[in-house]
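Just below is one structure, and these are the notes that go with it.
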C-alpha cells in the first residue's frame, strides 16, 4: 500500500520536476514546483515525519511559493527567450547531469544495499512535541541563531525593495 | 743603494708635468722633464760605477705586491750586467732624445703633455728593465705599451694618428695575451715568477719532464715578444706608429721599447736554453721578419716608413741572434741599433722639422748643402746600419751572423742577403734625401743646436759604439760562445758595400734606371710596395668578419633575437597568452558559471568518491 | 502485494530531484525559475534528511530539514528582493542578459 | 650594541629623516648626504677587527628576531675579509651617488634620496647578513628601491624596463627562497654559521642530489642578479633606461650582490652541487666574457656598451669563483671591488657626458678631448683601469682570476684571456670615437669637469691607484677569509673524485631532518 | 533522551560576542527607523559593538570550552578567527563611512548588516556542529548578498548581488546535501563524533568520499578555490569597494576557518584520500588566479583574481595538513585581510563617485597627486607581491615553509614561481602610480576622510608589523593551531 503511494508520489514529484524544467513560463514552473513540494510532503508522512510534512505544506507550499508567484505577477515575467550566451551550460549541462545521476545512483545502490524498508506507521518520531522538545534543548542555539537569519531577511527586503533612500 | 730611485725620477717628472704642466712655462717643463731623466741617467752611471764589476746580480726587495696562496709576487728590482747595458741605453739615448725634443716640439701644442708622456715612458721602461720577476716586467711591458699608445696618438685630432694608436695598443694586447699565458704557465710550473728562482727551478729539473712545458712557456712568451718587438705576424702596428712625433719614433719605436722583446728573451734565456724547438721558432721568425721587412723597406717613399721597416728588419736580426743562442750578440746589436737607429730617426726628424712636416723622399733631395750636420751624422748612421767595416753595426751584425753561420749556413746566407738589402734601401733613402736637386718647395736650412748636438753625440756613438765589447761584458750572464770567423765578416761587409754601391748607382749616377727597374719588376713591385697587402688581409679576414658576426649574429641575432626576444619575452608572451585563455572562462553568464561549478563538483565527487571506491 | 520500498529508493529519488534542480538552474533562462530550481534542490536535500532520520529512528534529521525550510524562506525573501532590484534596473528577467561584467 | 648594527641603522634613520624634510628645500640632500657620510665613516671602524682576523666574523650582531614555536629566526650579521670590503664599497659609493644625484636628478629629489638611503640599507644588510632568511629579506629590500628609481626617474621606456627587471630578478630569487626553505627543512635553522658547522661536523648530510637542487636554486637568483650569460638580457635595457645615479649603483654595487652570493652561499652550502655544475658555469662565464665583449664592440650607445662590458667583466668574477682555488677566489673578491670602482667611475663620467650632450649616441660625440681635456683624462684613467692596465685596480683582480683559472684548468685561462684583448679593443675604439678626432660644432663649447664633479671622481681614481699598487692593505684579510671559505668547501674534495656522498648519508639524513 | 540542557553562564559567556553583535545590530535597526539626517553615529555604534565583541571574544577565550551541547566550542583557533573577522568588520566600517556619504547611501542597515554578517562569521569560526556551520554560513552569506547589492540603483551592484546570490545558494545546496550524507552515514553532525564514527570506519568509504566531496564543494566555493572560483571576479568587481573589501577578507577567512576545522578534524582519518585533491586545487587556484589577472585593466577585478591566487596559497597550507600549516594559514589570512582591505580602501577613495575610476590607468600619477596615499598603497601592493618586511611576504614564507616541512617540494616550487609571476600584474599598479604622469582629465580628488585615512593607516601599519615583528601573532597562531592535530 505505501509502496503504491511511494511510487505514485515519487512519479508525481519527478514529473513535476521535469515540468518545472520544460515549462517556458515561470508561473507554470512555480505551480509544478508546488506539485513537487506537496508530493514530497506525502512522502514525508510515509517516513513518519508528520511535523515536517505539515511545515512543508505551510512554509514551502504556502509562504514561499506564494511569495514567488506574487513576485512573478508583480513583474509580470513573460515567457523565456532563447539565448545562446551560455554555450557551456547549454552543451555540457546534459552530459554532466547524466553523469551526476549515474554516479549518485551507482554510489547509493553499490554502497547502501542494506537499508531498512520503509513501512508506513513503523515509526512516528517526528511529532510536533518531540520536535519542540529537541528545538528547545539539544538545538537551542541554532534555533535562536536562526532568528538572526530572519532578521537579516527582513532587513534585506527593506534595504533592497524600499522605495527611496531618504 | 736604492734601485727604485732610477725609475722614480722620471715618475716625479711625469707627475709634476702631468698635474701642473698646464700652468708651467715651457722652460720649467723642460727643466723638469730633462732634469728628471738626466738625474736618473747620472744616478745609473754612479750606481753602476759603485756596483762594478757587478759579476753577480744585485737585487732589492721593497714590498710584497700580490700575495695569494702559494703565489707571492714581490715588488723587487735587480740589476746585473744585462740590466746595466739596458739601463745605460735607455737613460742615455732617452736623455739625448729628450733634449732633441725641446727643439723638435718647440712649436707643437700640448708641450707639457708630450714631455709628461715621455717621462712616464721612461718610468715604465726602466721598471721593465729593472724588474726581477716576470710580473713586474709585465707591468713595465704594459706601461710602455700605454705610453706608446698615448704618444703615437699624440696628434689626437687626426684620425690616422688615433687609428695608429689603437692599432699599436690592440696588437700589443694580442702579444700580451701570449705573455700573460706564459706567466700563468710559469706559475703553474715553478710556483714563482722570480727570475732567479725560476732559473734555479729549471736547473734542478729533469729535462725529459720539462721540455714540453718549457717549450710552451717560451713560445707563449715569444708571442708577447713578437707583439712588442714587431715581429711577424704582429709587426703591422710599427710602421703605422710612425704617426707619432719623430722623437717618439726614435725613442720608443727604434731605440728602446721595441727591443724589449729581445731583452725579455735574453732575460729568461735559461728557459730558452732548455727549449730548442722554441729557439728554432724564434730564429726562423726573426730571419723571416728581417728579410720580409727589408724588402718592403726598399719600396717605401716615406722616409720614416723606410726606417720603420728597417727597424722591424733589424729587430728580426736580433731575434735571429738570440734564436741561435747568441744572446750577447743580440744585445750587442740591440745597443748599436739603439744608437744608429735613433740617429737615423732624429736625422730624419730634423729634415722633416725643417721641411715643416714633409716626409716624402720624392719631395726632398739635395739637402746636403742646406743641412750639413744632419747630412754627415745621417751618413754615419747609414754606414753603421749597413755594417760598413769599423762602424758599430759592423761588429754587432757580424757577431750575430757568425753565430748564425755556426748554427746553420742557409740562414747565414739569407741574413747576409738581408744585410745587403738593408744597406741598399738605407742608402737609397740617404741619396734621395741629400743628393740630386731639391724637389720640394720649402727653404730648408740647418736645425738649431738643441737638435744637432744630440745628433752629433749619437753619431759618435754610432761610429764607435762597436768597440765597446758588450759580449765580453755580458760573459758573466751568457757564457761567451766565441765563433767569430773572418770569412763571415768579409762576406757580410762586402754585401753591405755592394748594396751601397748599387744604391749610389741607381739613385745618384743613373736615376732614370731606378724607374725602369720599377716598371720592369711590375706586379712584384706593386705587391711589395703595398707591403704584401698584409694589413688588408688582417682587416678583411679578421676585423671585418668579427665586427659583422658581433653585430648581426651575436647582438641582433642571439642577444636581442633569440635570448631576449624568443626565450625571455617569448616566455612572457606565452604566460600572458594562457592568462588570456583562462580569462575566457569568465564569460559573465551565470548559467555558465553554474555549469562550471557543477562540473567542478562532479570532478571532486569522482575524485573523492569513485577513486576511493575503486581502490 | 508489492514488495516494500527500500529506503535507498527515497535517496535515489532525492538525488534525481537534486539533479532536476541543477538541470533547472542550468537550462532555465528566467531568473525566477532558476531560483525556483534552487528551492527544488533544497527540497531534495530535505527528503534525504528525513529519509536518513527514518533510518536511525532519530528526529535530528527533521530538525535539520526544519532549519533548511527556515533558511529557504529567508533566502526566498532576500533573493526575490534582489531580483526585484535587478528587474528595476534592467527591466528584464532574462538571466543571460545579466552579464555586463566578464573576462 | 655592535658597530655593524649602527652602520646598518643609520641609513634607515636617514631614510625616515629625509621623509620628514621639506621637499623644496636643500634639506633632503643635506640629510641624505650627511647620513650616508656618517655611515661611511662609521663603517671604517669595522676594518680593524677584520684586519686582525679576517677568517672569523667580527662585530657580530646576533639577536633573536622571530621567535615562535614553529620558527626561530635570528637577526645575525657579521663581517669577515670577504664582505667587509664590499660593505665598504657600498658605504663609499652611496655618498657619491647622492652627491651626483643632486645635479643629475631633476624632479622629486626628496623621494630619490630617500630611496637611495633605503637602497643602502638593503645593500649593507645583504652584504653583512649571516642568516639566510635575513639575507633574503635584505636581498629583496634592496631590489624594491632600485626598481622604483629605475621606473620613476628613468628614460622613456622606464616602466616596462623596470617591471622586466623586477620580475626577472624575482623569478630568480624565489627559487633561492625555495632553496633556503629546503635547507631549513633539512638543517632546522636559517643561520649560516650554524648550518656550516652542521655540515662540517656531519650532523647534517646532504646527498649529492639534494645539494644539486639547492645549488641550482641559489644559482638561479645569483645568476640573474650578477648577471651570468644567458640570464643577462634585463641588464642592457635596465642600465640604459635607469637614471645615471641608479645605473652607477646598479653596476658598481648591486651586481656584486649576485657574485657575493655565489661565493658565500652557493659554493659553501652545496659544495657538491657546485662541483657538479662547475664546468657548466665556467662555460657560461667564459661565454659571457667573450660574448659581452664582442657585443660591446659594436654598440652605438655608450651606456649600452659599458653595460655589455660589465657583463664581460662579471664573467671574470664568476670564473674566479668557480675556479674554486685560492687565487681564483681572492681575485674574484678583489675584482668585485675593483670593478665596482672602475665601472662606477665610468658610469659617472657617462652621466656627465649625458648631462652635457643630452644624448649617449657615440655618433653625437667626437673630439671632446679638445674642449674638455679634464673629462677626457678622467675618462681615460677609468677606462685604463677597466681594461686592466697594471698599477690600476682591475689588473690585480683579473690577473689572480686568470691565474686561478689557469691553475684549475689551463684552457679556461686561455679562453678568458681573449676577453682581455677585446676589452681593450672596444673601450679604446669607443674612446677614440667619443673623445678624439676633430671637434664638431655641437661640441665646440663642451664644458669641462667642474669642481664638484671632480670631487665625485677623485676618491675613485685614488682608490684605483691604491688598489692597483699596494694590494697588501686589502689582500691579506681577503686571502684569509677566502682560504677559510675554501676549507669549508674542501670537505667536498673527496666529492671531486667521486660525486657520491658517504654511503650512510641517506640514513643520517633522516636523523638530521628536523620535523 | 534529554540530559541536562540548562546552559551555564559560562556557556553564554562563550557565545557573548555573537550576542553583543546581534544586540547592537538590532539596536541600529531600531534607531535607523527613527533616525533623521546623518547616520554616521550609527556607524560609530557599530564600531563600539565590534570593539565590545572583541573584548568579549578575549574574555571568552580565557574561559574556553564547548557551549550549547557542543554546537560551538571556544578554543584558541576559534577565538583567533573571531578576532580576525571582527577586525575586518571594524576596518570595513571605517572604510565605508565616507564611501556611503559620497554615494548618498548613508543608512543604518549597512552597519546592521555588517554586524549580522559578522555574527555568522563568528559562528563559523567556532562552530563544531555541521548544523551550526550551515546556519552560520547562511547568515554570513545572505547578509553579504544584500551588502553586495546594497547600492540598489547601481547596475553593477545588482548584477554582483544576483550572481553571488544565485551561485552562492547553488553551492550551499551542495553543501547541505553533503551534510545530509554525513548525517546519513554517521548519524551525527558533530565534528568530533563524525571523526570518531569515521575512525571506526564501517561506513562505505565511497559514500564518505561523496559526502566529503559535497562539503568540499560548499567550502571551496565560499573561499573561491578552483574550480569554484568562477564567481569571484565578477562579484568583486561589481560590489561597492568597501563591501568587496569585506567579502574578500571576512567571509573568506571564516569559511577557511571552518574548512580547515572540518577537514582536519572530521576527515582527518582518511586524509590521504583528499590531500591529493587539495594539492591539485591549490595549484589550479594559484595558476588560474595569477594567469588570468595578468591581462586585467580594472583594479577591482584584478584584486578579485589576486584574491583567488591568495586562496591558492592558503590551500597549500591546507595541503601541508600539519600544525605549522594551519598556523601558516591563520597568519596568512590575517596579513591578507589587512593588505587587501587597505588596498580596497585606497581604491574606494580613488574611484570617486559611482566608482568611475577603477581602471589601472586611472591611478596614473597618484604618486604625484597624493604622495602619502600612494605610498601606503604601494606598501599594500608590495605586500600582495610578497616583498619582505611586509605581512604578505611573511605569510607566504611561512606557508611555503610548512609545505616543505611536509615534503611538498614541487607544490612549493610551483607556488614560488607563481608568486613571482604575480609580481607582474601587481607592478602594473605601481607603474601607473609612480611612472606615469597624471592625465589632464583626472580631476582633483577631495582629501580622504579621517575615518578612511585611519583605516588605511591602520592596515598599512598592521601589514608592516606583521612583516617585521610577526613573533607574537605567529606564536599565538601556532599555539592555537594545536587544536586539531
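A, B, C, D and E label the chains in the order they appear, each numbered from 1.
One rule holds in what follows: a residue touches a chain if its C-beta (ideal position, glycine included) is under 8 Å from a C-beta of that chain, and two chains touch if they have at least 3 such contacts.
Computed from a prediction, not measured in an experiment: that's the story for all the values here.
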item	value
For chain A and chain C, chains touching each	B, E
Chain with minimal offset from the mean of all protein Cα atoms	D
Relative to chain E, chain with the most remote C-alpha centre	B
Which two chains share the largest set of C-beta contact pairs	A-C
Taking each chain's C-alpha mean as its centre, the one farthest from chain A	B
Chain B-chain C separation of Cα centroids, rounded to whole Å	97
CA centroid of chain B to CA centroid of chain E, Å	77
Geometric centre distance via CA averages, chain D-chain C, whole Å	65
Where chain B and chain D are represented by their mean Cα positions, the distance between them in whole Å	37
Sites on chain E at which at least two other chains make contact	131, 135, 138, 142, 145-146, 149, 152, 162-163, 166, 170, 206-207, 210, 233-234, 421, 424
Per-residue overlap in chain A, given as positions that touch at least 2 other chains	85-86, 89, 93, 100, 104, 107-108, 110-112, 138-139, 142, 146, 149, 152-153, 156, 159-160
For chain C, residues contacting two or more additional chains	11, 18, 21-22, 25-27, 29, 34-35, 51, 53, 55, 58, 60-61, 63, 67, 71, 74-75, 78, 81-83, 85, 96, 98-102
All pairs of touching chains, each written as two labels joined by a dash	A-B, A-C, A-E, B-C, B-D, B-E, C-E, D-E
Chain C - residues contacting chain B, complex	22, 25-27, 29, 34, 95-96, 98-103
Residues of chain E that touch chain C when the two form their complex	131, 134-135, 138, 142, 145-146, 149, 152-156, 158-163, 165-166, 169-170, 173, 176-177, 179-181, 183-184, 187, 189, 233-234, 237-238, 301
Chain C to chain A touching residues, read off their complex	2-13, 15-24, 26-30, 32-33, 35-37, 39-40, 43, 46-47, 50-51, 53-55, 57-63, 65-67, 69-78, 80-85, 87, 93-94, 96-97, 99
List of chain D residues in touch with chain E within their complex	65-71, 111, 136-141, 143-144, 147-148, 151-152, 158-159, 162-163, 166-167, 170-171, 173-175, 177-178, 181-182, 184-185, 515
Complex contact set, residues of chain B against chain E	572, 575-576, 578-580, 582-583, 585-586, 588, 590, 593-594, 596-597, 599-601, 603-605, 607-613, 615
